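Two complexes come next, and they have one chain in common, chain A, joined by chain B in the first and chain C in the second.
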Partner chain A sequence: MHAETEVVGDTVVVTLLEPRLDGARGLKLRQKVAELAAGGTRSILLDLTAVEFVDSTGLGAIVSSLKLLGKGGRFQLCGLSQPVRVLLRLTRMDQVFKSFARREDALMAAGSPCSPV
Partner chain B sequence: MLARLILTIPTQMDRVADVGARVRAFCAGTPLDEVDAMEIELCVVEALNNAIEHGYGLRDDGEIRISAVRSSVAISVELMDAGKPIPHDVLEGAANSNMDFDPGDVASLPERGLGLPIINRVMDRVGYRRDGVHNILVLTRRFGTHAR
Partner chain C sequence: MVTVQAAMNSPTDSPGIPPRPTVLVIDDAPSVLALNAAILRHVGYRVLTTESAVDASLLMARETPDVIILDYMLPVMDGPMFLRQVRADPRFANVGVILLTASNQEKHIEAAFAAGGDDFLTKPVDRRILVARVNALLETRRARARAAAERDVAEERDALLREVAEAKQTQSAQLPSFPVTWNGWRLEGMLQSCGHVGGDLFDVIDQGPSTRTFALLDVCGHGLAAAMVASSVRSALRLLVRELSAERAVAALNLHLCQLNDLYVCIALVQVGEDAITIVNAGLPPVAVVHDGAVTALVGPNGAPPGLFEESTYDSIRVERRPGMRLVVMSDGLTEAFGLSDCTEATAQRLGLLDGAPTSRELEAGVRGLLSGANSAHADDATLLVLSDERGPPRSRGSKGDKDAR
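Up next, the complex of A and B:
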């Protein structure tokens, strides 16, 4: 999984750089989030701007990542393409995840300054 | 008039995306809109993922035949493979699933098993039979049935 991470305030922005999030890549995402959570991160923004397609295994990894942050954790999404929004709607996961069109809006909502640390 | 798309792939996960994209493109020229086509692509991907993971245990020595047909009233996608049969209780459970979870109860959110419920939600008919050797899964979406 090709991804970048960036700390902005108390939020870690994880930007996925590959066009698909599915089984193998989903596992790596979950591992990455597990590392961040173990290091004390409580707020993650998953930037999916580059992601054109997510299947149910990729969605499962996103759900698992949310659970890893535990009570009080914040896991938000931004940059959802239409196929990703379709998946979230079909599975009712659009009622679970707060999502934003732009990273800046998500960071404002999280109370993190928009400039990286 | 019928139009048909026939593809055969080995049971390799990295071959799934292309099939999904080809079936999505095959939806053009029907009354289905872009979102409908995306939903059907997702269903095909989920069905192929399930066949490779559960039918073949991720072995890459099998083959799956995908045959899509479009008519004036519907599009149908048939997937045929020689993997393990789909258990009846899995099909039955998925057909009855409405993905009914409490969005506020994070611990109860499903992480797996959404493929067949997605297929059942998108498609108007999901047919499965076994001819002794092969699994034959047929996904049918009629035109004009899903208001949005």
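Up next, the complex of A and C:
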């Protein structure tokens, strides 16, 4: 999985650089989020601008990432392509994940601190 | 006096560098022993030497040489006798042995091979020939070892393929035979796995003369692991739908799957009663209700795929039965291939499901044709179920053979 991470305030932005989030890439995303969570990160923004396709394993990895941060954490999405938006709608994950069209909007919204653990 | 002389360097002295092959030279003539050992050391071999077969036996209790240069005529235990002892020990099955004979006598050569020798040389031994024979013997041993390893891998692969084929057979045997007919309803369907076995599965549960519940399951992931989960979900579902309403059955399945790590399933559960159909669609492409050649309703989502969140809730949609109506349920393997997971209507149209009620065989052929032109990067298990009310206008397509097979 090719990805870049950048720290903006208290949020770590994980930007996926490949067009697919599936199989092994999904597992690597989960690993990455687990490492960040273990290191104390409480707010993650997953930038999916480059991602055109998410399969069931990829969706599982996104959900696992949310769970890894726990109730006190914040896991948000931005840059959803139409197929990814449709997948989230079909699985009702659009009601679970807060998503933003642009990364800047998400970071502005993330300005408020995470709720206490 | 008998001496045992080991080489100075251990074969594992240099980490990362493959150990040098070890040659054990056994000869009771000290000058021959020293000369042959020097020749072999000079070209890079690790060399062990002994002047008798008895000492060689003791040495081989702790060392396994790659090649033995064995003098034919030795005191106490001669070369062939020692060689038979070596060959009887499975630890030394791959040790190459070259016998040195003082003459070119046929009976010595025959005895050397009969005892298990790989090659022989006559004394005095030419330096270049000795090195060439040892090199050749080692290369033959390496090639045999490689072939044996490849054979092991091939056997393991064949065993695995046999297991997968059996799993595929078992999975296919669990699927209901189409068409399933009852009370004026007719259910046709097909399943095409993108691998040997798949995470898609469907089931039809008989709940009396007028009621059936059918389900299409799509477990996250592919292959054997997904197939195992699908099978377990099917068993759980069979119990749940007999006790609970459709939405409660899916809710109970959700709680069950949430106990297992990272497993979830997209499911459409359709309960077909006397006068109405109840649908719960949790994660699959919208279920299409078709009437008079058009999609009149798209159903879903009614909840998150079971297994993701314990707190998920489910609702259901009730559709009144109408003569000639059809219900089209498909997994995303059919829709994703064309870009979007929710394009049920377009896919149904491509498959001719708006205008007619194809048989399972026709569905299979249609799906195969459809997917052959699809984006293979998105290959997934593809499943399609079509429920038709047969009390309406006559079926525009269908084969007599299938009806007779009921």
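Quick notes on this one:
Everything that follows uses one rule, which is that the second predicted complex is superposed on the first by the 111 of 117 C-alpha atoms of A that agree within 3 Å, B and C clash if a C-alpha of one lies under 4 Å from a C-alpha of the other, contacts with A are read in each partner's own complex, and residues count from 1 in each chain.
In the analysis below, contacts are C-beta pairs under 8 Å (C-beta built on N, C-alpha and C of every residue); 3 or more make two chains touch, one makes a residue touch a chain.
Remember, predicted model here, so these are calculated numbers, not experimental data.
Partners chain B and chain C, brought together by superposition on chain A, clash.
Touch criterion met: A:Gln82 reaches chain B and chain C at once.
Touch criterion met: A:Thr91 reaches chain B and chain C at once.
Within the superposed three-chain model, A:Val63 lies in touch with chain B and with chain C [touch as defined at top].
Within the superposed three-chain model, A:Ala24 lies in touch with chain B and out of touch with chain C [touch as defined at top].
The wider contact with chain A, measured as residues touched, comes from B rather than the other of chain B and chain C. Clashing C-alpha atoms with chain B after superposition occur in a single stretch of chain C, namely 328-336 (options considered: 58-66, 130-138 or 328-336). Counting contacts as defined above, chain A residues 20, 23, 53, 55-57, 59-60, 63-64, 82-83, 86-87, 90-93, 96 meet chain B in one complex and chain C in the other.
On chain A, the positions that touch chain C within their shared complex are 20, 23, 53, 55-57, 59-60, 63-64, 82-83, 86-87, 89-93, 96.
Contact residues on chain B toward chain A in their complex (touch as defined above): 13, 17, 20, 34-35, 38-39, 41-42, 45-46, 49, 53, 99, 101, 103, 106-107, 109-112, 114-115, 117-118, 121-122. Only residues 20, 22-24, 53, 55-57, 59-61, 63-64, 66-67, 82-83, 86-87, 90-93, 95-96 of chain A touch chain B when the two sit together in their complex.
Considering their complex, residues 199, 218-221, 262, 264, 266, 282-286, 300-301, 303-305, 308-309, 312, 332, 336, 339-342, 377-378, 380 of chain C touch chain A.
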